[in-house]
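Every chain is named by a letter (A, B, C and D) in the order it is written, and numbering of its residues begins at 1.
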């Protein structure tokens, strides 16, 4: 009985939020948590820096990266359905063209739409003056 | 004198070779004498059987037993070299109860038969699976499908046409 | 004014319409139709009240759990998620009603109703307030205990008809538990009856009116603390809530006896469970916590204040049950039975003996 | 009276089998006559994958073994490679490794205790646990960008240095954690119902425990005061002051208490690590390291070569993961891919003893005993 009463006291402290026991839930999707800058989400490829060498392709553990032609140049295409966000493609990129963004809402209805081609991945780095 | 040498001294006939596995003393044991060697090792204080590993080489199959002594804080590695086509070795379940599942797993994945094991069935893969995946000659091309049969047991087949699977 | 029927007639008389309505029926000699209509209205109000209460209770349960666990709980549907139970209901109605292929279909379909009806019937002799009672049965307490004891029949039927080992085990546990806990429950209640000399719930409540020394209310909890404790534990077991929720014990038996139920039939069990929770809390309040008694406030009709007091007390008990649920783990069934038969029943009997002795000796 | 045995299939989908484990129970009423475990529903062939990928590519797969505590998995695999190839690791990297592993130990024990209580019917603890776990996961996210599958510890060091603001946030977490563990203890430790459920349930003697190959808190709950961090100190554990926690009873309550005690010890270790962490680089530039590329601004300090060929040989390395002894056996033939990777997972080996422990008990006891084994099915089935 004393043990149960001790437990009841500590749960009551939470109900009344006595002593640094605040509500911590984040009401996703109405509010979101702040992501760390290093967060590994969807890839992004620097349009100017990428040389289409394919090192990311060969180093990908799940072979989820393919180099495809986009316009006049070759760029990686990532199959998110197979990607495990290990970050190797970012690590190995000789030109530092690949990076990972904070986009984590990648659920989709078909497998085909999980293949992110260069049109969705490319971005232009702002040139510092 | 390390543990492998001690074992060699106690059982000069059984231990054919002593060496090192990285930094752990290793004794290669004749496969007929494995049970004796393991019992001797247990006598020497090696009370924990850490892991049983089966490795399939082109010409042979090796079974590696990593032992540890909580008392003396020593490591000992026992190695048995088996025939590639018909790997068979004595089970250590009588000495270590923990060997039960480890041996079943080794049987399941590498295909080594442990004679004297009370229940040598597959553990990770369903009963009826073709081949032992960690053998180098395992057929990676044939797809195998597992369904639940009438009586609730797993049924393995290579015919995946009636599965609800979207390509 | 002793019950809600008379209350309605009194209100109608005060409004000056009762005679008019009565005249409509009198010539044809069908006054009983009027009586019937009033009773039906009463029951409809009760039913609506129970439904709303159950909905509120499910919301409250989730909110209390959330507060204990540093969460918000339902927040999206309605203000602070207040309409969540409505959405749950809509969802459950929309669900497919699955009957297992090898189930006993008639019994399987019957069982949920058998669970829900007793949960409603218990409310009949429950005094919600001064004269707010459907019927003041002279055997009120006995009636309540007897009707509560019907629930395990439904559970057993459900567990057996589902043709599932988990449901069967859940049902068996529920029955074993219920039998061993109805006895201390009744024994604890009898001590109170010994004071009042009546099984009527109204008499029990009115016996608790007034105060000692002008401060301490004359509730039976102060005369019968042990009886109260036994009744509290037994009634939590009776409600089937953690730490005694063996009929469900979701981590062991998946969902216990209603594992196979879905859709509206599942909702029936849900409804019955929460109706039962409220009913048992109300009974506890009636017997030990002074029922609807409370300080009389001038200017406000006693009917209203008494209802407020009753609801306040009942929700306090309900909150305690929810609070306890969030604090303690589940017991094991054999431990529970051990406690029931080896500790609680002897204690209840001892309590009965001592109380009887003291009453005879004239001490209290 | 004639009675029949009842055959119950608990799982693979069941609320308290922590995943997809299946018990085949032969019951006499509520009493367990025989308990057989059926595994393999989550078998993903990690060992086979290990033979098919390069050394570096295997690393992310190790995260997926014991996904509750992935850092020790990372570390053990990396340690095996380092031992095989003789790579030296800078001191700061070792400090960071120990830091994240101890943090992960706390996370693991929180989840373990939480799910144990959840199985017993008290849902509050797991929610409180996840509240604190979230804080730790945010620290991990800050550190390596992922919350559960880190891929952070690399051969020769760690992927990136500590980010700015990490240490203050960690200190905050440590302080908060102290108060939270006290709350847990107040809620659970002396709760009579909890004691009734745990005391004397699933008892295993010290001798049996060793013979069954139990390790970790499950072994130490049986009174064997053995901890690989003490027995074979790896990384920087020989410099740290901590003690191996053990309890003599050998029952479920002892195993639970060992976990609580270990959380306190981990907090103690973390404080020391934070206080004594040296300033230095975090990746080795020894014989397998390559120089950083010049001209390109690199945010990631990965000097580990893409084509890595360790010398031929065999190595078996084991560490004290939160769940017990985790071992990696790697056989190398000198090529870019491991010849054989064998994982000695603590969950798998600890489960061996379960069916013997629960004979003659009831289903609720099975769940209590099983909850204190603290397994993760990803680790069991690999």
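By our rule, a contact is a pair of C-beta atoms (placed from the backbone, for glycine too) under 8 Å apart; a residue touches a chain by one contact, two chains touch by 3 or more.
All values reported here derive from a predicted model rather than from experimental measurement.
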Discussion item. Taking the touch definition from the top, what connected groups remain once subunit D is excluded?
Written reply: A, C | B
Fill in: Of C-D and A-C, pair with higher C-beta contact tally
C-D
Discussion item. Using only Cα atoms to place each chain's centre, name the chain farthest from subunit C.
Written reply: B
Worksheet item: Where the CA atoms of subunit A average out and where those of subunit B average out, how many Å apart are those spots?
Response: 40
Worksheet, complete the sentence: Per the C-alpha means, the centres of subunit B and subunit C lie apart by a whole-Å value of 61
Worksheet item: So how far apart, in whole Å, are subunit A and subunit C when each is placed at the average of its C-alpha atoms?
Response: 51
Item to complete: Find the geometric centre of each of subunit C and subunit D from their Cα atoms only, then give the gap between the two centres in Å, rounded to an integer.
Response: 47
Fill in: Set of subunit A residues in contact with two or more other chains
4, 7, 11, 24
Fill in: Sequence positions of subunit B contacting 2 or more other chains
none
Fill in: Numbers and ranges of subunit C residues touching at least 2 other chains
68-71, 326-328
Practice prompt. Kindly provide every pair of chains that touch.
Written response: A-C, A-D, B-D, C-D
Worksheet, complete the sentence: Within the complex, subunit D is touched by subunit A residues 1-4, 6-7, 9-11, 20, 24, 33, 35-40, 55, 59, 61, 84-88, 90-92, 94-96, 100
Fill in: Interfacial residue positions of subunit C with respect to subunit A in the complex
64, 67-72, 75, 323-324, 326-328
Fill in: subunit D to subunit A touching residues, read off their complex
53, 56-61, 64, 124, 131, 134, 138, 141-146, 149, 151, 159-160, 163, 176, 179, 183, 186-195, 293, 296-300, 302, 306
Response to the item:
Contacts from subunit D onto subunit C in the complex sit at residues 6, 8, 14-16, 30, 117-124, 127-128, 131, 187, 191, 193-194, 196-197, 362-365, 367
Worksheet entry | Residue ranges of subunit A touching subunit C (in the complex, touch as defined) | 4, 7-8, 11-12, 14-15, 21-25, 27
